[in-house]
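Before anything else, here is the set of structures, which you'll find just below.
Each of the next two complexes has chain A plus one other chain: chain B in the first, chain C in the second.
What follows is the complex of A and B.
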């Protein structure tokens, strides 16, 4: 195992550009899982980001909240203002692993790890977050809902770091985050949902329901058009178009579809005036 | 009293096998079968490893007998050209670097010419799947009492049901680990284990060494739950073979995925009940069939089946009982000992079935049990007359009162009517657990134990029974200290080292406190006699006498000794499977309260009450801990723990996907003991360790049935399964 240390962002970007196969390490809470048995991973080169102080703080401006490239779940939990303005960030953060992981794990790491079952990504996506990427060749911004192109595939080159995550400030009239796991803590989502409503419209984001975390355009349209829904089953046609759950080691496609319909229906019932 | 090794564990100073320094040691790794069944047609060593640096061992290196000595000798130490399950050990490799050893193990290709495996223990095997006897039955057992057929034919009501339980992983925190080296001509093997003498016997048998040339030492053991009953013989043999071939110390410690995939699990089961009753719910006949998945070798399946069928009819009076049991050979990784040892499986079926009966008869589940619970003078399925003076109905009443059972039934009805998607329910189980080895087992073990008087007046317990988190060191200390009137610091518990301690039997079967503890008392008495004191002598008198003895017998050992004696009035007929199956039973009533979310079909246990009669409670803190731990382990088995298997291999062999309860999934567990001292156990104690895992699963499922109106009959009752059942019900 080769670990390269960088003190400043440009230096880290240089290391990434120099060694095409180098891998950035933030909290390491994804990268180091089952480390001893992942022998092939031992032969790679890593760039340790932990000294890049510039990437740590989160910032507020009039128009947006900007998370740093190294902002952790714990940083967000601690920030009372986020609790007020972006409560889903805090709610999701509190459901990531347990306190040890919350203290080390970063939002950027959650995005780049690209698990379809991640908890940080759906709430960021429901708030229209934008991923800020930087490399020696410059900066680039990609809206999170356009970031993923397939299972574990994304619009990020190996030499790019996530240096910030921009979240526009808007008043929300509705927001909910649901994580259905196989136990009450330390669980990976079998079904994850983040739903928001603002002047920009409805956002419905599903996790663990497709190869990537994704927005659900048919459901969003159904909500925009105020379609009357009498029963969770009425949501299933839209769900079937929006997502493609599978049977895997954690759950079944059938269960995921049903639960998504029921939880969505139950959550939205009052707001939407459904029976 | 403070837990003896508590501070060392709390501060991280306790040293487990992986923490022990071992100069010049090699790391051992195992190469395993990729297929569930077939002939090994080739073993290929890929060239990306420098094989001259690697020590390699295969079956030809086993000096005497390629057999792991247990009930049968069917299991090879290393597969000899034929494999019977995925992950069967084929080859061993060792290297000074753990990483290199791992790379070497990965660089071996074991090529298997596949043959048709038997993978479903419930289905009758097809001819090409037969691999054991004529029908793949590893063991058959039967219990008969009265005339079941006649009673079934005449009964006004017959209720039938089929129940299933899944495999369960032990999840001891410390994975299996062993170190081995040669000291002159003595092979020393040290590691995590429950039964040092099982390991010793296995080493002697396969390596052809007499007991002076092998020595087994237990290291502080981070949990066992039965998983370190028989399995450690295998890894001990592997470490020993590598050490003998390399001429250097060898260390083998499994990582979690390897441990989960390749070591034993709780036997999956299928149990059929056919029960005859009067219309007011009195049992007339119980006709029970028990089928266990044994896996690819016999291991302990015959005795797990034995305990399973003996417990299958439960703590109820019934004149006509037939229980037939069989353990099936399959090409699964062998199943083995796990806390409860067959009883949790059959008691799950029985106690769920009692609620199914209650529903069928329109009876209250409490009333059904109250009517049938054994009274003193009545007999169990094996004809064992129970006369211990325990009021089993009082145990039940206590559990009902503590849990607020009746009040909750009412409040749940109101809650369920008012809620859209939340449903609450309460359920119970009444059960028992026999302590110590079954039938004549304790007599065969013939356990021996010594209490030594040391020159400085302290005393030392020499026993092969081990601490694995359950509190042996502390309870043994208490027993000696109380018996001889000494302070706990004046008692030493000797390291379980077969070169020093006699064979006081395995640390299993809820026998340690009751059976071995009693041996300690008798050996302490014997020690007192040897220094010329009578049984009333205590404290300073004992210490002084010991020191005086040593001044008069310089250099000689002072040993009090005891050998197991069968309690009077106990008789067991092994041929007919009748008589006193256990010297003593512990009795219990558990109540679970659950809340089910109908949207996700997630079940949350929100309250739990565990009442038991276990004779005298010697250490309340440890006893409560045993019960709470058993309840948590039972909750996991009931609701979430599932070994997912593909073509004979566990695919969720990591703690991310093998789901055990977290502290947030555990309800308050209220524990109460009813005490009725048992005259032949230490201080009146009966066995307690296993009892608490028998009751939670049926109590929880009965509560789910009450909450939802559904009728679940298999565990684990995951949300996915419950959703299917609820959909079918509505």
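What follows is the complex of A and C.
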């Protein structure tokens, strides 16, 4: 294996463009689990991002919060202003592994790793985050809810880096993040949910419920139209249209649908005036 | 292919050639002779390999050595043995496999007591697994090093 080191973004972009199959390494908390240390024959090329100082800081403007391409969970947990304005980012970050993972894992890495069970992606999506991609050919912006095209497939070319994540600032009248797992810490979600409400409307985002993390348009419409829901079962038809969970080692499809209905119902009951 | 890197290890400058696939855990243990840092799972789950990287606890099994170039690394060997007192007194160690990692995270917490305004000891210790002690001794030892048993201490944790 080869690792190419870069100190500046343009340099890293040049290295990626020069080797069509090179893999960027950020915090390494996904990649190192499968690191080729135990493999004898490997011919992969990696491009190290960890020293790209320009990707580290997060920025605020009047209209948005911009996470850097290397912003970590711990950076966000430590930021009091994020805790006030985007509490779900902090809540989700605190659920990712534990401090040792939070200190290294990045939001961009979570997006590109594209796990259907990720914790960072659902809250970003519920805040209408936009992925900023850069390559030698220029910049491109893709709303996170249009980023994934299938299981581990996304609108990112191999020569593009996620250099920033833009999150619009809006007053939220409702926001909740739920991670149902086997234990509180260091567990992969069986069902993940992020729900927000602002002037832009309701956002319902489900994790571990489909090949990709995704918004749930039928549930969002149901909330928008203030449909009366008498018990969790009333949510199941919309859930069935919005997502397609599977049976796997962590859980079954049926369990996931029922848990999602129950958790949503309990969360939204008061706000929506359901019985 | 090897990479030339320099970093600060326990306060001293180190420079070396590293294989690109080399993990910091192996560099520390097998090339630099610092065997205090342990390997449990090798997958980021157990925390036995916890070291500080630029002041934050990380799993050295998940850090490629080339990534510490220019950085500050501290291992259990840098600590003053006196700091272990509360762990021995509270029965926070049995087989000892988890202990170096536990102590690294615990002392990081005691160095940052402000974290306890937002976190419990249990949440901050959640990345360090222990198969022997049942955690209460560990949580009490951390509380003792911080000098306040009670809030965030035994039984009140969230993790």
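Throughout what follows, the second predicted complex is superposed on the first by the 267 of 275 C-alpha atoms of A that agree within 3 Å, B and C clash if a C-alpha of one lies under 4 Å from a C-alpha of the other, contacts with A are read in each partner's own complex, and residues count from 1 in each chain.
Assume a contact is a pair of C-beta atoms (placed from the backbone, for glycine too) under 8 Å apart; a residue touches a chain by one contact, two chains touch by 3 or more.
Treat the numbers as computed from the prediction; the structure is a model and nothing was measured.
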item: Touched partner set for A:155, first chain B, second chain C, both or neither; value: neither
item: Touching partner for A:56 - first (chain B), second (chain C), both, neither; value: neither
item: First, second, both or neither for A:35, with chain B first and chain C second; value: second
item: Partner chain(s) touched by A:250 [first = chain B, second = chain C, both, neither]; value: first
item: Contacts of A:170 with chain B and chain C, given as first, second, both or neither; value: neither
item: Partner chain(s) touched by A:104 [first = chain B, second = chain C, both, neither]; value: second
item: Footprint overlap on chain A, where chain B in one structure and chain C in the other make contact; value: 33, 36-37, 42, 98, 184-186
item: Residue numbers on chain B that touch chain A, as the complex places them; value: 98-99, 102-103, 106, 255, 257-258, 420-421, 599-600, 602, 604, 640, 644, 651-652, 654, 656-657, 659, 661-665, 718-720, 723
item: Residues on chain A engaged by chain B in the complex (per definition of touch); value: 33-34, 36-37, 39, 42, 98, 180, 182-188, 190-191, 249-252, 255, 258-259, 262-263, 266
item: Touch list for chain C against partner chain A, complex; value: 1, 3, 20-23, 26, 43-45, 47, 50, 53, 56-59, 61-64, 66-67, 69-70, 105, 119, 123-128, 158-159
item: Residue numbers on chain A that touch chain C, as the complex places them; value: 1-3, 5, 25, 28-29, 32-33, 35-37, 42, 46, 48, 50-51, 74, 94, 97-101, 103-104, 184-186
